[in-house]
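In what comes next, chain A is part of two complexes: it sits with chain B in the first one and with chain C in the second one.
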Partner chain A sequence: MQTISGAPDAPVVALDAAHMSFGPVQALRAASIEIKAGECVGLVGHNGAGKSTLANVINGRLTPTEGAVQYRVSDPAHKNSENAQASGVRSVFQELSLCPNLTVLENLRIPYRNMPRKGWRKIASQKMSDALDLVFPGHGIRPRATVGDLSIAERQMVEIAIAFADRDSEPSLVILDEPTSSLDAAIAQQLLDHIKRYCSEGGAVLFISHMMGEIFDVSTRIVIMKDGQIVDDNPAQAFTRQSIVDAMGHVAPDDDAQGSARSERELGPVLVSSAIGLNARRGEIVGLAGLAGHGQAEALAQIFFDHSSVWKSGKRPEVVFVAGDRARDGVMPLWSILRNLSLTTLPEFSKRWMVDRPAESGLVQKWKDRIGIRTNNLLNPILSLSGGNQQKVLFARALASSAPLVVMDDPMRGVDIGTKKEVYQMIQNEAAKGRSFLWYSTETDEILECDRVFVFRAGEIAAELVGDEISEENILHASFEMQEAVK
Partner chain B sequence: MSGDRLRLALPVLSLVVLLGAVFYLQPRAMSYFGLNLLFNLAIPVALATISQMMIIMVNDIDLSIGTFVSFCACVTATFVHDTPVIGYMILAAAILAYALLGALIQLRGLPAIVVTLGMSFVWGGLAVLILPSPGGASPEWLKTLMSLKTPLVPIAVVAPLVIALAVHFLIKRSWVGVILQGVGGNDRAMERAGWSLVRLRASAYGLAGLFGVLAGMSLVGLTTAADANIALRYTLLSIAGVILGGGEFVGGRISPFGAVIGALTLTLAASFLSFLRLSPDWQIGAQGAILILVLAVRLVFIRKGAVA
Partner chain C sequence: MTNNASEPMTAATPVRALLSKPWIWAFLAAAITFGATSLIAGSGAGSLFYAALTFASFSAIVGIGQMLVITLGPGNVDLSIPASMTLAATLALKFMDSETAMILPGLLVAIGVGIGCGVINFGLILLLRIPPIIATLSASFLYQSLAIWSNRGLRIKPPEPLAEFATGGALGIPNIAVVGILLAILAWVVLERAIAGRWISAIGQNLRAARLSGVPVNAVRFGVYVNSAVCAALAGFLLASFSGGANLNMGTEYMLMSIAVVVIGGSSIGGGNSNVPGIWGAALFMFLIVSMLNSYGLGAGIRLILTGVVIVGVVALASRKGYDV
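For the complex of A and B:
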């Protein structure tokens, strides 16, 4: 084991005005943060606030487009990720990074680059047991078990233990991104206890969580992010739950015209409802809010599959889908704009087995004008359009059908603000004509467009907000665990 | 029983059942000589299956292994026999070519299925160029090695087991093997931990090339001559062998013992069908039916295991 060089009181990592932009999107703006040994920094923020980007800049996976990152071992000849590794910066992310086909001890071999070659299985087995015993006493995981045979919680435990394990270098900073998401309360408490012990022994932890109880339990310092910026960075004692939620929130929306538009419409009877309590009435825009990955996409998929058949597609579909992940679920990349737009409506506009070409192009022309797709030739390939216009085509594809329900899975990802406004207006118009929308969005402005909002947390509906209750503050309240972590 | 053992239990069981059926039909096969005849071609098939396993281990598939083994057999029967130095150099270059293909596939993000399909024509063409009509001769030492009289159990049974044991140590026990399996399990995790995927994939392909060469050489040792089309069936046999032996197409789940046993089972299935006096026209279809049956049984078992 080699010890980390450098002065002991120097920060483990220091960011100086780090910028990170992905194309036009600024994910991180002038972020300055220092993490010293012995600190546990709790990091909180809403969707897209830049938490993951900050974590990835700190662990060296992303190199900031501007600004500097300083590690304890900072060799300018090396890449940030190598310096981070040499300084003992380790991370545990939500998507598991274990190899399920290997055993627990073999998975330790992967990050442990220069493990002694002779008798490595024995060493790995010993170190793995030690690490698991240290963090999760009484865990009952055998180092020789295949990871694929373990439960999700056990895999998460293995992954956390590998991060804290004694490898070629000692861990100096461990980044934990929602580490307790799949652990039960008792195991989570073991982890929190370990974090406190580890920090008191001179380690540092960056702890990202939406569980307020956990944040207050372990953090010595709390950092709040909003819109890619660090808006607050103070000792934990300086905060209350309320002050954190207040700091995370946006400023009030600059126009409050939406509220009036909302109340004017007549709502019909309940059109769909699902087992977890999600429902929508005719002519209603229902929002699904909460932190990303808390079961909203699954709830939408459930509704969609409940109301469509795997075997046959009817002439008049009950529900249509607008994908947020265009490349994966949306566009046919080799097809023209016209073909892409008419895809859902082909059965409705076709006679017998033949596509009615004049009707098809008439329909597409109509929607091109209505939704304002910026192209001079509808036969151009879809990829010739900008992202926002591609998304408009997908909207038009769904809206052109006669389906009474439109399911939207965060459809405005990467769409410019002008297009957004146009689409909001169109959704309002369609709703006024009696169509219902189920709208999952990670952006608060979009949720504020809805008549009723379900806030999801951990796969369940944490709150149902109606009318004036729909506010950023209430959504944040419901998305973040406000009770004590004890369940 | 853990998942891995269950995976291995099924190919062993199917081999035993098939062997029992053969012995029932033809009791005289239950002898040293009979076993040698039954598993006559098992050694090259086993080596080709191991080669395919290396590729499947990194989530790819090799459609060129049949023509590659044919090519290696042609080189062995001509250059290695006539001018050994040049012959071995050609074989070494072939292994290097495999490794480079692996690197290329990783670097450019190409689908292995397309690259290897293209390469199958390259290898097939080279084989025809080297040996336009069946012929050539086996190097003496190879012939002697392949007709070795091992005590008690014939070499056709011993050699595949030795091969399986050696590959088991290389892939399942050594750290290099663990890292290579990791590529199939979660390549992003490997990259994050700082491993070079290009190097790892090239290594896996290089190993596949090595075992392909060995398959071609052993085939010439058995048949004492070569032909440009001698091993075309190996492509499908090797894929079937890996899957029959408990491997999966994705996820880096492979088993060297399973793959070799799968190869033995497929070799035996051919003999079994001849003993049944099934017309050769039906044999390939019947072999396929056996394969589907075994895989269906495995699916049922694994589903049950997952529920329990």
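For the complex of A and C:
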């Protein structure tokens, strides 16, 4: 056997210049990291910095396209995932992966390979109770409860407990990807205490979190990622909150685009406002920022649904929508460019029930020239266009309307830089004419186009930034700092 | 090159343009079966044509309603068509009670029953969030039971002038076929030229995207389900008038028929794309294939098997080649 077994200071896992690319996208570049027993490694970085890719390479779900992964038990004849399993690498991911139709103890049974057949329910039940008691004393979760009946927090607790559980093998490295996102402060503290206890007993943890307080609380070492690279890897004492935020840092904005036409415009009265405090004035470009998946898209959809009807359609719609997820929210795949572009405005340019075809053709031709859709025939199918040009059609579909409010859900995905610049200019021009925009974006240079920015955190507005306060640093601070206040 | 938008892409020859229409296959198949049948039967291609037009009309009328429902996208189908036909016919004929003066009110009763069935269908789908297949199927038990309860086995004759209209014709075209063709033209105008048609197609392609593009999705779906039930009611009314009275299983064969003519006619099963002329081609074909098998002396069992094989074959072929709009 080629088993290199446990000299106590041999790393549990070691990555040597691992690359991971998905087609043209390089998600991980030359990442080298070692995790030893007894260490708790805090991993921080922006959305899309490559944290989850790194975690998936370490746990063997992904095999790096270049570079090597070495586990404590490394048999070259086996796959990375098998070696990771044999070495006791376990993971808890943000999106929960329990089977909701099974009971808690049955969910423990799934990764527990060598459970005795006879009386396994009793054994699994005991093991599950032990594991939960160990991590979350006083949890109140019955092992025979069906997972689907548990609250989100309880499910998260079960999943964490299963990862730490003493099964047929012992865990040597537990990867926790945002484990506290749905736990309240007291429960989260129990977890942090357990992590510290576990590491002091010789276990290793890779802890991914956006919550600075937790990172500093448990980490012995902090690793910072940016653009698929590990940019900093040092003992936790070497960092301050400020230095971490700085190191996560930012893609330098294109200076010429920044705040080009901002502050020139006269803003009108408040046009819309929603229950959570989101509002926009006439002629204003309002940005929605923050980490992805913190309620921005839901807030936008809510505004759209509140101000449009499923039963009526009028000549004066209050709001129009620009989709970012084209296939899910925007494109009509069977239709031509022409029909796709005119869909929203049909009742506006037509007289009564019939489509005014000359008017339609004129409108579409006008927008084709204005927004520069690259095609020689507007009757070609929409899917014959490139992604960026499809996106232009969706922009034109919305902007052609007379609606005073335009809602945009991260609309620049897959759009090249040239088109972006054109569209920024068009948005500024439309705003100058008195239109309001609600613009969710995951890209900082787009947020910098806005007059006012709401930073979202956990479905709520964490900060409202105006004018010169809008900067990458302030947005990052607001995205991260609220949890520290909670703690 | 920017040329004007109204010029079609490929129109090399008129024949090729014709062949690119998905509905042409249904008509070709109908023409071939027509030829094969009249060769064997020999006696009067004219009377075969007349009969085909008559019986195809009923399929075409329910098919138009079903087509719009299927166009709404995956999962949308109206399985209450047979029961709506039966209920509308039963109540209308009972209401008219063979009185000539009651023909118009009777027609209104039938249409009213159709509207009622459509409202109930969509109400179940929208308010109770039942999938359309289950909603329309379970509602159809309700309608069928109502029909049984109100009919109690009595067979009431239609008023004399109505029966004459339903069985009669002019210039070699049955009156019922005229109704069916007028409805088809109306459906074509709605689908191809009206805003509502664009909305139906948009919903069928992507409901969420349609909603986010400002389409009043519930109003459109409501209209489509009500329209389907009204078409069924009208077909039931005409069929009862044609065949001398309503009976409780008069709608049975239109369950499969309404879906078959949509599929064979070249509409997309996945929704979003409908095809009005194809409905008529397929309706003629479905009648002619049965009469062809009849005239070749094949029994009822073989006829049903072959009908099934034809539908499966057409669906398999249709899903292989893509459609464009």
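Criterion: the second predicted complex is superposed on the first by the 464 of 487 C-alpha atoms of A that agree within 3 Å, B and C clash if a C-alpha of one lies under 4 Å from a C-alpha of the other, contacts with A are read in each partner's own complex, and residues count from 1 in each chain.
Following the convention adopted for this analysis, contacts are C-beta pairs under 8 Å (C-beta built on N, C-alpha and C of every residue); 3 or more make two chains touch, one makes a residue touch a chain.
Predicted, not measured: the structure shown is a model, and the values here were computed from it.
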{"item": "Touching partner for A:238 - first (chain B), second (chain C), both, neither", "value": "neither"}
{"item": "Which partner, chain B or chain C, touches more chain A residues", "value": "C"}
{"item": "First (chain B), second (chain C), both or neither touched by A:354", "value": "second"}
{"item": "Partner chain(s) touched by A:380 [first = chain B, second = chain C, both, neither]", "value": "second"}
{"item": "First (chain B), second (chain C), both or neither touched by A:146", "value": "first"}
{"item": "First (chain B), second (chain C), both or neither touched by A:109", "value": "first"}
{"item": "Which of chain B and chain C A:338 touches, first, second, both or neither", "value": "second"}
{"item": "Touched partner set for A:61, first chain B, second chain C, both or neither", "value": "first"}
{"item": "Which superposed partner A:365 touches (first chain B, second chain C, both, neither)", "value": "second"}
{"item": "Residues on chain A lying within both footprints (that of chain B and that of chain C)", "value": "none"}
{"item": "Chain C-touching residues of chain A, taken from the complex the two chains share", "value": "304, 308-313, 317, 320-321, 323, 328-336, 338-339, 343-344, 346-347, 350, 353-355, 357, 361, 364-365, 368, 376-381, 397, 401"}
{"item": "Residue numbers on chain C that touch chain A, as the complex places them", "value": "1-9, 193-196, 198-199, 201-202, 205-206, 208-219, 268, 272-273, 323-325"}
{"item": "Interface residues, chain B side, partner chain A - complex", "value": "2-4, 173, 175, 178-179, 181-182, 184-186, 188-190, 192-195, 251-253"}
{"item": "Contact set on chain A toward chain B in their complex", "value": "61, 81-82, 85, 97-102, 106, 109-111, 113, 115, 117, 120-121, 145-146, 148-149"}
